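Could you have a look at this structure, given as structure tokens, before my questions?
Residue numbering begins at 1 within each chain, and the chains themselves are lettered A, B, C and D in the order written.
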Amino acid sequence: MNLDFRSDNVAGVSPAIMAALERANSGSDSSYGGDAVTARLTARLRELFETDCAVFPVATGTAANALALASAAPPYGLIYCHHEAHIANDECGAPEFFTGGARLVGLEGDHAKINAAALAAAVAAAGVGEQHHMQPAAVSISQASERGAVYGVDDVAALGDVARRHNLVLHMDGARFANAVAALECSPAAASWKAGVDVLSFGATKNGAMAAEAVIFFRPDLARDALFRRKRGGHLLSKMRFLSAQLEAYVTGDLWLANARHANAMARRLADGLARLPGARLADPAQANEVFVYLPDAMARALEGEGAKFHRWGMDGLVRLVTSFATEAASVDGFLAAAARAVPRAI
Amino acid sequence: MNLDFRSDNVAGVSPAIMAALERANSGSDSSYGGDAVTARLTARLRELFETDCAVFPVATGTAANALALASAAPPYGLIYCHHEAHIANDECGAPEFFTGGARLVGLEGDHAKINAAALAAAVAAAGVGEQHHMQPAAVSISQASERGAVYGVDDVAALGDVARRHNLVLHMDGARFANAVAALECSPAAASWKAGVDVLSFGATKNGAMAAEAVIFFRPDLARDALFRRKRGGHLLSKMRFLSAQLEAYVTGDLWLANARHANAMARRLADGLARLPGARLADPAQANEVFVYLPDAMARALEGEGAKFHRWGMDGLVRLVTSFATEAASVDGFLAAAARAVPRAI
Amino acid sequence: MNLDFRSDNVAGVSPAIMAALERANSGSDSSYGGDAVTARLTARLRELFETDCAVFPVATGTAANALALASAAPPYGLIYCHHEAHIANDECGAPEFFTGGARLVGLEGDHAKINAAALAAAVAAAGVGEQHHMQPAAVSISQASERGAVYGVDDVAALGDVARRHNLVLHMDGARFANAVAALECSPAAASWKAGVDVLSFGATKNGAMAAEAVIFFRPDLARDALFRRKRGGHLLSKMRFLSAQLEAYVTGDLWLANARHANAMARRLADGLARLPGARLADPAQANEVFVYLPDAMARALEGEGAKFHRWGMDGLVRLVTSFATEAASVDGFLAAAARAVPRAI
Amino acid sequence: MNLDFRSDNVAGVSPAIMAALERANSGSDSSYGGDAVTARLTARLRELFETDCAVFPVATGTAANALALASAAPPYGLIYCHHEAHIANDECGAPEFFTGGARLVGLEGDHAKINAAALAAAVAAAGVGEQHHMQPAAVSISQASERGAVYGVDDVAALGDVARRHNLVLHMDGARFANAVAALECSPAAASWKAGVDVLSFGATKNGAMAAEAVIFFRPDLARDALFRRKRGGHLLSKMRFLSAQLEAYVTGDLWLANARHANAMARRLADGLARLPGARLADPAQANEVFVYLPDAMARALEGEGAKFHRWGMDGLVRLVTSFATEAASVDGFLAAAARAVPRAI
């Protein structure tokens, strides 16, 4: 039984996406995005997001975030984010690299979400217009958050209001955008540009693609540079149709939401089961496909002894468990059963 | 009939590589290169190159080149290359971006190849050690060249000697390394590090992969930074096994050389046929999988009228035709027949 | 009466330094540092620091810090400093610019000083060697600190030990190095390299020069790049002798220490006087030439009403007062008298 | 007798500028450009240039050029210049550094001047809008040129037309702007913005200042970033009044033009004298304060033997002689006499 809950990127590729890759592999087609698949993808994403957005497919989430931020902040810009954000902790400085030296400002906030008040306070303290200080330029939020929580549409809109008031670009790191939309049960448009998002990293890799994300600009002025920055960053794939084919399959017939709903349901099942165990305590609401839970060390070790895999998140017993489109209910139940067996030892 | 000779990247994916992707898609595995496929790939490449090299798979040739050069040149460094080099003309400044502002110096040379004498002269004129001037740091050669020519092993060794004498890193842009090795009929080691190459962009995409290249460092001191620069550049794939699987299949059972030999043979067939046509004149030796030929404009237009696709290379009638692993002899013959039909109009 | 305590850079130029500029203005001399004055300066600084250091004069403290850090940290490096550090708050991202995107990590610590334990803990949490994370590269301390406190030689040595253990470069921002050395009553060598400092921004501007600092490398391997980075940063003065002449005069006959001792004494006199006033409370030890004091708002306003100038430091009544080589005792006494007059209103 | 013709930066400081520095050294004043001198300087330069320009004083010409170009070109931008331009050859990559990796494209042209036709041809070949190629962004011309020639106002206007047609920023490196204006006998406005110049590096150091230049933006949209880029580059002087005082004295009562006229006259005298010598041959018109002349090697060595100093410019006997505000007619005559004495040996 697969008890691997380390990440949603330990999973493979959704069968429908693999099939799309096979289909794309016939004959020759224009390279570098001049192909028919990429054209269809752009049209489909505009339909899905109900707006005339600019679309730049890339192979990694870090590339998507970094390109988005490079269009959002000058080299002397400040980018506000939660201090636990992926861009701040897990991208080895990609935002600094692509922006030419902008700075991330880590804000506090429950469940790895920032809020409008904290953002407004930070901007107020920044010294806008003063030559000695880097200048507020952008806000980046992770949807779902690094702690598996989901911003409500109103939360995003409140941040969007502050952003607009201070002329900041609002970026959404949507590596798990599908999981968030599935949780919010709203339209992609409502979850993004209608709530004030200017540029979205639209993730697919964690939710069934092989290596496919898209930077989606809802403000055309921001997209101007991106064509050149993508190439310059080495992120323009020559056989682009194989990247676009993944994304096209992903947003065809609701695959993206179906995958995300499944992953979310598995996380819910896991969280609910763990919450009932003596000694275990949920640290964050499991609104998307991640469960953060405090486990007694003996329980964590017992689970590992039975072959379960997951990440220790800090040193105080906090554990992260991630589900994906490929997670089977039996695996969740198997994990919960193993955890239950460990209860006597753990308490 | 497929008369698309625009590039080797208009072709799709080699069946064996597609099959490897299917095989890699089972169960879960460690992400970010901690997987079994990546481990096997590294071992296989060390065996193939007969040395303990460091291997960094990435998805694009531009990324491979830029990461290689970032390890080779400081921000104030000069990188010598042919003025027609891909890094100079077709990567939108990726070398400048990844190095933090190093400068490319375009040298002259027949068939888009540079030579040791021109390199030595350029270094001699650079003002080594003088604070006003950027400092010689690296040489980058394209193997095969942008004009479809192949450096002899001795040519490379002569450049390697100059490089070593002046403490320059020798980088080989091997986007078409397979085609060159197939032409040279030597070992990969003889074509690279034994001739003085310090770091190689080992291409696979143009020769049958979907999106897969590898930066291969033959000097461990140069590889030190690359782990962090790759991630920082957004070039570390989370589901790395699918990238490594492409490369593993590529270097298994000589697929890479078989594909290259076929492409080279098709280019040879095309070049030989064209050379026999009145009015056509080969511009460069077709030693790899590219044919550069001057065609009468009427002939070029007639060919396009029959559905043939190729790039006009400048304004004087020069045309580039590229073959690939997927090019069929019938396509070559069809192209030649169409060209022959156009002769009366062309002369 | 001059009641301007805003900063030590509101003062002018020490007469001896002005005289040196006049003297330097005769005849022609080699440009870009090839002149006799620069040669003498380097020799003198090596004598003063009792070691064979490398010296790079520049015109601003920000340039000195940024060049020092560019030699100390790669683009993916982490630079530890106090969160109130000048490099973090008042240089508009110069460290990020010159390093190519390294990141500052702000540590806590009383009186704007960091300590060895906090540094060690931060390094331990950084994920050394892990590709997702920026890598610990350097520590930067301000001597004297942004709050007018002075690191003891032992404090520096403790930080130096941690730095060496983790292969970090230890940078000292010595914009007020003279004030610190005057306070410590030790040799410049003891205050710097003997305590583990690898590179020092040796300030003169705040202490009587017109525009003159020097980056002093105590590790020759770190200095290798600096020659080119200085020029590339636009910080190589063509008529260098006028920059070197300032520094030469500064370190001739103890001018630098005499100026600093005077400034420190004036700060001490100011701090002592304020400490005696009802309602005023010193926030930090006034060990160098800055006084941080909480003043009742009415007192602060009254002082401003009498023409005194100083910076409000945040919103809770904290005020910064800075003295310099040019501060007269009468000014200090005048300020204290005005403050005393304001006591009745303030309490 | 001073026979030092190596450069105009081997000279010292104009007495009037030295006096201004002395005057500025009284009392305390606001730092970082908030002082009265800087305010007066800005007003004066707006008057002199007859327009509401933005003024950023800095200490070096490299800083001025690099800051100007950073506002003019994105990281993926092309900057056209003459291949002998100072920004291309003598600034160790400062343009690349400050722009974040833009690329200089060296054009041909007599006497180190480019022309509108060559510029238009280069832009036409650049691939505007194509993602693979860096994008035309700016033109930079040196006035006077690196070979001592002066662009006519019409030449500049023709370049300005091409620039505007292709949306390029026109930058003028005016390290020797005064010499050019003196030669042109036109107004500073006519020589700059009225002819299409968008941003000017207004030099003073080579013409009598100690270390003072100004970036002058004639287009306010370009100046937006410069406030932050200057600080971030370490080019905001804390005791700014001493920098501004130099520039103020420089543009007061025509000192700048008087100095330049003298330097030009000395160059003219030198060129005329050399032109009459058998064996010597002028390489470029000596329109400003530089003389480029082919000298027989025996003559050059004889001159050096008599204590004359100058730069060998390449290996074919070309020699550069530079005059300045401080060059005395007796020195020129002395040099010519020595050269005349060497004629018998030289021919």
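Here is the rule we use: contacts are C-beta pairs under 8 Å (C-beta built on N, C-alpha and C of every residue); 3 or more make two chains touch, one makes a residue touch a chain.
The structure presented is a predicted model; accordingly, all values stated were derived computationally and were not measured.
Visitor: With contacts counted as defined, which of the two, A-D or B-D, has more C-beta pairs across the interface?
Guide: Between B-D and A-D, contacts are more numerous in B-D.
Visitor: Among all other chains, pick the one whose mean CA position is farthest from the mean CA position of subunit A.
Guide: Checked the centroid distances; the maximum from subunit A is D.
Visitor: Where the centres are mean C-alpha positions, what is the separation of subunit A from subunit B, in Å?
Guide: 34
Visitor: Please tell me the distance, in whole Å, between the geometric centres of subunit B and subunit D computed from their C-alpha atoms.
Guide: 42
Visitor: Suppose each chain is reduced to the average of its Cα coordinates; what separation in Å results between subunit A and subunit D?
Guide: From the centre of subunit A to the centre of subunit D is 51 Å.
Visitor: Listing for subunit C: what residues touch at least two other chains?
Guide: 32, 75-76, 91-93, 97, 100-101, 131-132, 134, 228, 231-232, 236
Visitor: Would you mind writing out the residues of subunit B in touch with subunit C in their complex?
Guide: My answer: residues 32, 74-76, 100-101, 131-132, 134-135, 225, 227-232, 236.
Visitor: Once bound in the complex, which stretches of subunit A touch subunit B?
Guide: Touch list, subunit A to subunit B: 2, 4, 6-7, 9-13, 18, 21-22, 24-32, 58-67, 91-94, 97-98, 205-206, 210-211, 228, 231-239, 242-243, 326.
Visitor: Where on subunit C does subunit A make contact in their complex?
Guide: Checking each residue of subunit C against subunit A gives 75-76, 89-93, 96-97, 100-104, 131-134.
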